[in-house]
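Note sheet for the following structure.
To keep things simple, chains are lettered A, B and C as they appear, and every chain counts its residues starting from 1.
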Amino acid sequence: MPFIENTWYVAALASEVPASTALARRLLDRALVVFRDERGEPAVLDDRCPHRFAPLSRGQLAHGVITCRYHGLRFAADGRCVGNPHGDGRIPAGAHVRRYPSIERYGAIWFWPGEPARADAALLPDWPFLDPATSITRHGYLETAASYMLSAENLLDLSHFQFLHPYTLGSGEIAASAARTQGDGDHVHVTREIHHEKLQSFVADAFGIARGALATRRLDVHWQPPGLLTIDVAVAPEGAAADQARVARSAHWLTPRTPTSAHYFFAFGLPRTLGALGEKLVRFAISGLMLPFEREDLPMLAAQQEAMGSADFWSLNPALLPTDAGAVRARRIVERLVRAEQAQRRVPCQDAPACAARP
Amino acid sequence: MPFIENTWYVAALASEVPASTALARRLLDRALVVFRDERGEPAVLDDRCPHRFAPLSRGQLAHGVITCRYHGLRFAADGRCVGNPHGDGRIPAGAHVRRYPSIERYGAIWFWPGEPARADAALLPDWPFLDPATSITRHGYLETAASYMLSAENLLDLSHFQFLHPYTLGSGEIAASAARTQGDGDHVHVTREIHHEKLQSFVADAFGIARGALATRRLDVHWQPPGLLTIDVAVAPEGAAADQARVARSAHWLTPRTPTSAHYFFAFGLPRTLGALGEKLVRFAISGLMLPFEREDLPMLAAQQEAMGSADFWSLNPALLPTDAGAVRARRIVERLVRAEQAQRRVPCQDAPACAARP
Amino acid sequence: MPFIENTWYVAALASEVPASTALARRLLDRALVVFRDERGEPAVLDDRCPHRFAPLSRGQLAHGVITCRYHGLRFAADGRCVGNPHGDGRIPAGAHVRRYPSIERYGAIWFWPGEPARADAALLPDWPFLDPATSITRHGYLETAASYMLSAENLLDLSHFQFLHPYTLGSGEIAASAARTQGDGDHVHVTREIHHEKLQSFVADAFGIARGALATRRLDVHWQPPGLLTIDVAVAPEGAAADQARVARSAHWLTPRTPTSAHYFFAFGLPRTLGALGEKLVRFAISGLMLPFEREDLPMLAAQQEAMGSADFWSLNPALLPTDAGAVRARRIVERLVRAEQAQRRVPCQDAPACAARP
């Protein structure tokens, strides 16, 4: 399945791109380079010098300009060649690199792989709990050897906590609990409420529940295309009022690396007013989740992808459960959006550079 | 070349599949899982949960039932889904896994990749010297980076002992000795008798010949499809009557892993009446053969396969020797059986499940 | 792009092929074996026994005859089977290996992959400074993960010294210096003269220039198909007469390994009359160049090839600089020669063995 192009994807965490270093990264199966211009603004370019195709990410970055390591052509953050050290120094025709609209927000650098004219920062969803002005935030990153859709589906059906993460995130009460899936336009919302739950100590500690005590846990997963999720976990002592629940909010951003691998970015945020405790809790959340994510989710996703090979998901005739409702809805939305973009692409394009940039 | 499907292949040695652990194995280019049901009977299934394609071999096996590690669906040895922990627990339609007829015999687990209705234990050849009731047996296993046919041809022409195994199985007298190839239906029998042979010490010791003494060695190789061989090695001191020869009998079972790799199972057996000596001899045989098999045959087979690539054997115009008679006959039989299966498959199938299972 | 076939390529350095050992090497995407006959003359053969396709390079070489390790067939340096140890010893029909015309010269073993009848030692270019009778020579070898054309283009535009090798071969004065490209038939000659150059110490030391002193450096690159270059570097103290320059002459021979990898052989030579000093200088040159070649050129060439994938160079619309004139001219010559060979190949061939040998 092709990727949606006219949408924002995360290219990198902000912390992965210091002022002085260019980051080479495969995104939507393209070799791209992510770096910062002189003012610190992010830039996402094709990672290929137009002269002899050396990767620009191997070049030298200074004052927001990359000097190609091979023959010294210089490129600015907007992709234009701004220096030719050879002979009379004339800039050769065609010496520019495709530049993708990009924006830094929520501790991440976002880019728009589709038509530049359609890139609009207002289309980026809101994650107010990741606003650095008001929140303590912390981010994590993992590369997965599976399609970004498999990762999204993993998050849209958290009943797997019980089987894949029995000693960290899971418990014996999850699968039998009630889950509800709702849709709103291109958004999907899955809710699961687990009662009388004996939490594993990682979860109990994170939410301040006494070890061994019963609790009520509510999981709210919000998905929107292309692969952007928010997960709210609310935990209250058994019998307590719902408004006594402590809530952990996290964002989960999936970007295709290739058709069968993905970048998985995630982030936690808590109000600044929590001070040192909030700091401790977001650190605890990120480091605590790394273990099940890396040791349990990643191998399972890779095994799932390997079992599927390059086959289309539906061609394998999956036996679906009611708990797949959210994942199926999300997959259908992505498929519809991809089809719509492909149909549109068949119409002759008025905007020459954008057309030329179409893969 | 496709594989023969309506026949028995070894999936695993019995010892590779304890009661508590499922074995993931690629067989005939399919991802399969081998395990035991509650009574210890072997089961061979597609290694893919029908829900979201997680490998069942990563699941938990208890009382002959595999619980998928991802979302907890439970599958019995017959491939049926016998438990759904989610919601109301209804078993979803289509939640079954393809199951292959299987049988445990001669210290191995055999499976039938073709039409289940045609699977018949009576079609399994006899290896009476591997009957545990009357024999001391020992087994070995190696994975080879070459087609199972190349391995079979290696065994059908033991003249290679002289060149590939000069210090263990070979001698300078083998190639010049007389070999005779016979056929009987789909069976091939190659005999080679070597006189005045100076045995290498590994062979001399195994057969109780004084080091340095001359001997007569007779090699009898019996092959039948798909890749099942019996090799009898009879050694007598030079000049002794044929009935004074000591005989070592071994079975060699080849199962395609992929078109260019194979599983090689082998086994020795001696009468239980030999007691501790027999025990010692079969152990000596297996461990002694591992060295030339691993260090000499495997690299040569891999190099041969690499030189051939994915080309058809005949398209490379091999220059054949009289000693290739057995190997050529075996290859022609396999080719004929594959063609016959393919012709039959074109006829509309009456048996829906078997048809559906056709690749 | 296919390779030119009716031409000489280097198969190996002479020192890589001692009398007693056969060398397996992939050349022009063929598995070949390079060894020496009883008189020490080089032989280049298909590395595949015609019997069962075992690589002959794994066999035993004695007195210029290779005995196949698998079944003992023996092959002479002309590719004929000269011994069959089996049964009556008759040589089977078709038991010969394709042999390529070969010649040893300038410390290298050359072979001709095309029509044998057209192989003519007189077509080999002259490198008088590598004649062992009058010269002290030293050779180097590197395998590169890029097309041989990319390596040739690297050498045809030495302006990259400034950017890729800033601390060894480069300086800040190279790119801005004047380069001139000339052509003569299928030959390309690129000259670059750098004035007022502050040499890096490796170059200064090699040419006897005081560290820190200004110099004039002249680089002359001569290329001819398929990928044979001579590079003369002449360095004189700033202001000195041109005839006071010290000159280092080197040969650079590129042979395709696969379409996207190459063998890079290079050699330095100085007059024998220089004695121990010459000895020291050629050793200094080879070992000193290994560092920038291995650590800087090889990774860049590999990255360039990876960025290009299997795409045709022109299809990527390179933005060319005036400094690419030599590289472009060389690439056009190779393309024209390949097309000419392909056109000729469509004409029915009179010479059966040569035709059969056509890939």
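Convention: a residue touches a chain if its C-beta (ideal position, glycine included) is under 8 Å from a C-beta of that chain, and two chains touch if they have at least 3 such contacts.
What you are looking at is a predicted structure, and each value in this text was computed from that prediction instead of being measured.
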Counting hops between chains that touch, how far apart are chain B and chain C? 1
At the interface of chain A with chain C, does the proportion of residue numbers present on both copies reach over half, so same, or stay under half, so different? different
If you average the CA atoms of chain A and of chain C, how many Å lie between those two points? 47
Per-residue overlap in chain B, given as positions that touch at least 2 other chains: none
Residues on chain C engaged by chain A in the complex (per definition of touch): 153, 157, 159-160, 162-164, 175-176, 178-179, 299-300, 303-304, 307-308, 316-324
Touching residues (chain side chain C, partner chain B) in the complex: 31, 47-48, 50-55, 58, 67-72, 81, 84-87, 92-95
